[in-house]
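Just so it is clear, A, B, C and D label the chains in written order, and each chain counts residues from 1 on its own.
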Amino acid sequence: MKVLTHKELAPSIFELTLQGELVSEMKQPGQFVQVKTTEGAEPLLRRPISISSYNSSEKQFTMIYRAEGKGTTLLSQRKQAEAVDILGPLGNGFPVHEAKEGETALLVGGGIGVPPLYQLSQMLVANGVRVIHVLGFQTKSAIFYEKEFSELGDTHIATVDGSYGTKGFVTTVIDKLEQEFATIFSCGPTPMLKALEAGYGEKRLYLSLEERMGCGIGACFACVCHTGDDPTGFSYKKVCSDGPVFRAGEVIL
Amino acid sequence: MSRLSVELPGLHLKNPVMPASGCFGFGREYSQFFNLDILGAIMIKATTPEPRFGNPTPRVAETSSGMLNAIGLQNPGLEKVISEELAWLGGYDVPIIANVAGSQITDYVKVASDISKVPNVKALELNISCPNVKEGGIAFGTVPEVAKEVTKAVKEVSSVPVYVKLSPNVSNIVEMAKAVEEGGADGLTMINTLVGMRLDLKTGKPILSNRTGGLSGPAIKPVALRMIYEVSQQVSIPIIGMGGIATAEDVIEFFYAGASAVAVGTANFVDPFVCPTIIEELPKLLDELGFDHISECTGRSWKQNEAVTNYRP
Amino acid sequence: MSRLSVELPGLHLKNPVMPASGCFGFGREYSQFFNLDILGAIMIKATTPEPRFGNPTPRVAETSSGMLNAIGLQNPGLEKVISEELAWLGGYDVPIIANVAGSQITDYVKVASDISKVPNVKALELNISCPNVKEGGIAFGTVPEVAKEVTKAVKEVSSVPVYVKLSPNVSNIVEMAKAVEEGGADGLTMINTLVGMRLDLKTGKPILSNRTGGLSGPAIKPVALRMIYEVSQQVSIPIIGMGGIATAEDVIEFFYAGASAVAVGTANFVDPFVCPTIIEELPKLLDELGFDHISECTGRSWKQNEAVTNYRP
Amino acid sequence: MKVLTHKELAPSIFELTLQGELVSEMKQPGQFVQVKTTEGAEPLLRRPISISSYNSSEKQFTMIYRAEGKGTTLLSQRKQAEAVDILGPLGNGFPVHEAKEGETALLVGGGIGVPPLYQLSQMLVANGVRVIHVLGFQTKSAIFYEKEFSELGDTHIATVDGSYGTKGFVTTVIDKLEQEFATIFSCGPTPMLKALEAGYGEKRLYLSLEERMGCGIGACFACVCHTGDDPTGFSYKKVCSDGPVFRAGEVIL
């Protein structure tokens, strides 16, 4: 696919918009793509990155990623009009229709888990769902998309160091929320997902998981987790092809 | 396409290119990308008598031009592999090579005996070399006498030819190859992964929960080529070569070293279309190199022959 | 800079970074790029009793994230190494580790005995593992009993501590390490190169005139780490780790695995300034990781300890 | 160093001009540089490429190379203003002063061995030496720099397939040359150098050699050759640091 725009939103956080035919296959928020960050064998593996938003008619989609290791750092050097090798869309995303018109949905994102919630939020709002966003970051300078989310619904920010919004974690914010909500959609680091599962497991809670991947398509068994109803047995789910989004309790975090 | 066809014990291959075991599941996922019929064969994921969940995650880590895996032979077990996976694969016109694994000789015998009776299974691949299984798997692959015993036992019960997959983690690969040849192996597949490790800079601990894992990908290609070169001159059974293959040029290099067919593993993860692409490129490359048939390439590095000369990349 | 200083048998190292044998000649070329005094030590090129011309060219071939070499221990012989190279290196304030090679035990004894008497030679590195020497070099490195014998014989004549360089081309690296420890080795250096091969697409023949060669560079790093991890838990002598190191992060990874110092080989060819760069980067990385002294990192992957947590790359 | 211009002269033949401080160290035609064709470990080794011409005052130098394998193909993708990692100048080049003012020198190049002769020719002409160029190529489309060389002196082209100039090899042309010459400077494939040594070894003949390199600076012993006076003994020369240019007979080809 072709780079349309590529910009740094916050230190090391990049927003990359690509154009190409395969956008037409994107069906659900929370799906991801596997990005080849360079030609050749180094780094070898593709990088899983969530689709942050997509526009089927314009054949465009956007991802937001942190340039951290070898692959993402190389990706961050791609310039406008250059080609990027994308495999996807992959996996099963957030079940948008689980939140019904007129209901309120809570969208909880942590750090680089925030991006896929953006497409989700847009689609929920389009369906007449009220959305509340609770977004957690390390520090003020790491925050991105606050304005974009605010335009869709209430947006609360937590920072670990208290440099902006509420000091603490997303759960610090949620525990004090006054609004009611029936459904939670969440994406972020595993400790955050565990805290949500512990505190809000009785709600309709959907979690997007991360796992180290080989193939990204279900063939290599790198990304399996035990299922909730057989926690030590042989049944399993693959994060890449059964997930990355699961209903809380479906798999063992 | 007959210039790519290869005849090996039990296997009439349209072409010498097949996905390697564990890197293609049982084919379902890749069937979304292309028609499996175009493949020379399919090496399916290791099968053990009982289902296995495998190791905890993380199960993969990246290395320079390679990757480590410690899947731990996760598979649904012999019964389901036959009733679900092989039955599904029966809908395709492609020979299956069943990868047979276990922790003790009786496991291998059990799997081999049953799975070799399935009509589309045309050969077995004895996985005596998986570095991620603790209960003795490694010993099978590094002690010649034991490897010979397993081979013998499996040959006795198998209804199809038996290929033995060699581990590269040995002092003397030729000795291992000769041992399994004496044990009755009909062919060899090589190489399995090298045992490797990565540490997490943050935690100081191994990245893989299993601590060590199997190194695969382009990084190991030179080791695979060397071992195939050494072994192919010392045994009279054919070799299916693997280890880092990603292009048609790589395939030819493996043939030159002494392979008669090849398997593609890790490269499938990088590019799901890698097998069809290689199969399409091979005839063109044979033209450039001046070969009529791919089998002319086998062992060219050590056979007496004229150098190929009309090649300009 | 004392947070980088390391004490090993015979070696008071300013820092744990040294160029690996064969990848730095005798230092002359690199002295044009930087002052050799900044190095922890220098491992000089293998020395044999008599001069050796080595193998015909081509002697190197490239591989994915690695290279093959088959230099064949070219060196000017013991006498000239002492009178010209070591004398020249005596002008620097840097400990020398002399790499001792040969085809038979008496060769090792001869070189070790003479070279260990040179004042700036602070330790020996017994090269029992060079894969490019035909007359028995390989056997020393893959048979535990023989390795032990060579070690013993050299220990008897050496005036300085003896480190034995282990070959990775073995089924059981721990067994080899224990054998040389029993033989009296004061330390280990590991790993030497993996035996590998490349074929020329045009000619069908091996690229290296020696046919096979030693694989080095980032491609082999995971194998080196795994072996150091295994060995460091089973011996009580220190390990100088090597195999694909190119960055300060790599150095820490080797320490985590169990190394007490490191050597940088192939990376010198890619960047002549790689050793000074790593030495400069290490203190910063220790800060980021929250270590006072680099030796805290040794064996962290298997020692009981808290994970490092304050690191954000 | 920084890419000033980069263009394809003939199919797969690229001319790359770089700017940077290290040009000030270039002292001799026939020296080479070691080029890192990519960041990271793949391909790992630097590529030896001859300096085709340099301009100390402008801090510019030019190389001409064939994009053939992995490394040179990657190099050919570098665009204007991008940085290229160069180690050099390396080795010992052509001894310009061996040809005296008023004498005639023959410059013989084969294929991708032609480039370093360009700087040499310019310097010889500046010294008042008459130059004759004999340049061999595979075929007409592979020819480059004919005009540039013609401006400096007589220029004869040979093509293997006869599609331009004399059909045959450079020796076919030289054998028929009517002019006298005292010195030959040559760079090209080993068979060409061997033919020159066999046919014109009695002249002052200088040959630029090629060998697979590890370090390029004399440290790894990858590129050694036996010396002419001790053809099977222990004495040796390194192509990278003693050469790449040797007097005929000095080393065994």
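Here, a contact is a pair of C-beta atoms (placed from the backbone, for glycine too) under 8 Å apart; a residue touches a chain by one contact, two chains touch by 3 or more.
Predicted, not measured: the structure shown is a model, and the values here were computed from it.
Considering every other chain in turn, the ones in contact with both chain B and chain C prove to be A, D.
More C-beta pairs in contact connect the chains of A-B than those of the other pair, out of A-B and A-C.
When every chain is reduced to the mean of its CA atoms, the largest separation from chain B belongs to D. Per-chain CA centroids place chain A at a distance of 36 Å from chain B. Chain geometry summary: the mean Cα position of chain B and that of chain D are 45 Å apart. Averaged Cα coordinates give chain A a centre that lies 55 Å from the centre of chain D. Residue positions of chain D touching 2 or more other chains: 41-42, 70.
Shared interface positions of chain B, i.e. residues touching 2 or more other chains, are given as 63-66, 217-219, 313. Arrangement of the chains shown, judged by which pairs touch: all-to-all, with no pair of chains left without contact. Chain A contributes residues 41-42, 68-69 to its touches with chain C in the complex. For chain A in complex with chain D, the residues that touch the partner chain are 38, 40-42, 70, 74. On chain A, the positions that touch chain B within their shared complex are 36, 41-46, 70, 87, 211-226, 233-234, 236, 241. Interface of chain C with chain B (complex): residues 63-66, 68, 142, 169-172, 194-199, 201-206, 211-212, 215, 217-223, 225-226, 229, 244, 249, 252-253, 256-257, 289, 297, 300-301, 305, 307-309, 311, 313.
Per the touch definition, chain C reaches chain D in the complex via residues 22-25, 28-30, 32, 45, 51-54, 57-67, 69, 71, 74, 76-77, 207, 217-219, 246, 266, 268-270, 272.
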